[in-house]
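There are structures below to look over.
Look for chain A in each of the two complexes below; its partner is chain B in the first and chain C in the second.
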Partner chain A sequence: MNQESHRNLNIVERPLIKQKPEKTVLSLSAFAYLYSELIQYNIDKSANTTELEERLDKVGYEIGLRINELLSCREKTLRRRTEILDILKFIHSTVWPAFFGKNADDLQQAAAAEDEYMISDYDMKFTKFISVPRSYGSFNPGALVAGIVRGVLDSAGFPARVSAHTVEDRERSRKPITTILVKFHSVVMTRQLYIEKVKKG
Partner chain B sequence: MLFYSLYVINKSGGLVFNRDYANFAKVNVNDALRLASIWHSLHAISCQISPIQGCSGIELLEADTFDLHSFQTLTGTKFLLIVEKGSQYVPMYLQKIYEYYCDYVLKNPFYEIEQVIKCDLFEEEVESLLKSRAP
Partner chain C sequence: MRGAPTFRTAPLELTSAEAFTLMYGSIVRQLISDFEDISEVNKQLDQMGYNIGIRLIDEYLVKTRNARCNSFRETAEAIAKQALHMFLNFQATVAKWNLDETECSLIFYENPFSDFVELPDEYRELKFCNILCGVIRGALEMINVDVECAWLQDMLKGDDCNEVRLKLKEYRNENFPYKDDD
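Here is the complex of A and B:
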């Protein structure tokens, strides 16, 4: 296969492992129109905002399942992640750059619950141009990204409930922050406790 | 340079957005609607009566207390900015507002084409562009 003609190849014909670390650049406007149409299509099919979020989440889930395989395949050292912090760091530092070109802005554990974690993005590119009207209540267009995270976690063996929320920012006082809230299933928590117990000896 | 108001007119001549940015320049809603349709007709007439072929419509209306700058896009949407007399570089602002329209209105899934603009992000961006110019 001719090395130089990579860019001329159809996207599904290009090799999975990139020969040189080239960054793929995609038009944000093109994606914004596509996503806008996806949302409009699902609005017609949904009876309420919960169903709309579920539908977008389902689309993201399919993406997440596959992106986990692709990104793991491209990694220099194949390593299976068994601990919660490891998989969350993978999402924060590998999955986010694959979609947005930069790491996620914040990763923290919820103060209230042990099994809840929050990944924040100060300026989510996917939803940059979307203004949700008041009649849609708490609908968050970041539901697609929540679905992607859920897909990655599920295919890595960490079933969780993932949702997107908008948080008003106190310090930065500019745009509201999109936060992806991850709530792991009890299976994951018991497993994590067991792993920690074994580590301690 | 002071911006008094912004009007956005769709291609059928209906008013889709109007906002007043100076405290004293409040215009009645019905008057705003009339202004929009009258301007739309005047704009069309000006293209027809031009003695030279290929007129693109009225760009500037100068009165003694204000200037009205008009910008028509390729799709027939018109942006009107009513500004303080003698303001400079207004077409640049119109261009910027057109960019905001393309970004925050046209890429918004909840906006219906040719309907009234009710997009928070668009209003915020335009307001931060125009309101800060007050002396």
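Here is the complex of A and C:
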């Protein structure tokens, strides 16, 4: 009877939270294989690395749109985030654990520009098994994650240009750090200035 | 009398199942927007699965130090209980054997590929989780077991369960690329 009623429910009426907590995980290998197939499929369809990154970004964008709704739905306080730091903290402390099981490692504002922020991950799980040959130049497989971040920001009302970069770090074990660079649109910046002005009174 | 084979696995590193589900959905959407024809999408998914399967078998064999399967029945059990659980964290039951023991069905109710998915009417022909068939086919081909793998029932299309039919075609001989006398 239970299964029948489950089937007859509209998809938006089905429960969001999985019934058994142990079912919220599966192997990283499965994900890595799937991601590698995605990249291989897109390599044939792309003329250059920029187009490849764009295609991966689009796939990530769709993921980001949906994960934002999913995570916001599950939150205890349903409050819309209107400030830049709030949404970035949401990404750092809620979106990252949903995907990677831990908070993002670093959240910084770029020194040069006010509208640029950087989210860093010292050891990105999704790209752990990917090595980029020299002929691919500056291609970064973190483009999927950049797309996810762009999707989350866009569906939260913060349009931005997001890209993934690799930064060498000599202090830590020689693994390169993946940094997601977020550059907000001017719309967001003017809105942020307005909010701050109103707050000051 | 030999007992049932015991399945031991080394634990694999884990990641979020929802990330996987959303990623797979996004991939299918990309394929649909690239190809006009739904049967092309099905073929492409199967091909992607095949590419995954031929590499996945290595990891499976390394992580589970199983002895060689003595029969197709054992192979099917290993896939349903061990491999699916190891990689995708769910199990299937093997049923509906034919008399020769060369065909069987894998039946399961939970499917991480299609957790949040609803299939609209215009995509009735789409085999959403076709990638799984390709993975099984590719993995078994690398150990010289040729199978045909097809979806019989799909919960996305309103059926009671998910059913994948495995048909054993033949056991191939091990082919070595170099002849001894060269």
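The working rule: the second predicted complex is superposed on the first by the 179 of 201 C-alpha atoms of A that agree within 3 Å, B and C clash if a C-alpha of one lies under 4 Å from a C-alpha of the other, contacts with A are read in each partner's own complex, and residues count from 1 in each chain.
Here is the rule we use: a residue touches a chain if its C-beta (ideal position, glycine included) is under 8 Å from a C-beta of that chain, and two chains touch if they have at least 3 such contacts.
Keep in mind that what you see is a predicted model, and the values were worked out from it rather than measured.
Contact with neither chain B nor chain C is seen for A:Tyr194 once the two complexes are overlaid on the shared chain. In the superposition on chain A, A:Tyr33 contacts both chain B and chain C. Contact with chain B, but none with chain C, is seen for A:Pro133 once the two complexes are overlaid on the shared chain. When both complexes are overlaid on chain A, the residue A:Lys23 reaches chain C alone and has no touch with chain B.
In the superposed model, C is the one of chain B and chain C that contacts more residues of chain A. By the touch criterion stated above, A:Ile43 is placed in contact with chain B alone, chain C being left untouched.
Applying the stated touch rule to the two superposed structures, the overlap between the chain B and chain C interfaces on chain A comprises residues 29, 33, 35-37, 40. The touching residues of chain B, when paired with chain A in their complex, are 103-104, 107-110, 118-122. For chain A in complex with chain C, the residues that touch the partner chain are 3, 7, 11, 18, 22-31, 33-38, 40-41, 45, 55, 58-60, 62-63, 66-67, 70, 98-101, 125, 144. Those residues of chain A lying in contact with chain B across their complex are 29, 32-33, 35-37, 39-40, 43, 129-133, 136, 141.
The touching residues of chain C, counted against chain A in their complex, run 12-20, 22-27, 29-31, 34, 44, 48, 51-52, 55-56, 59, 86-90, 110, 112, 116-118, 131, 155, 158, 160.
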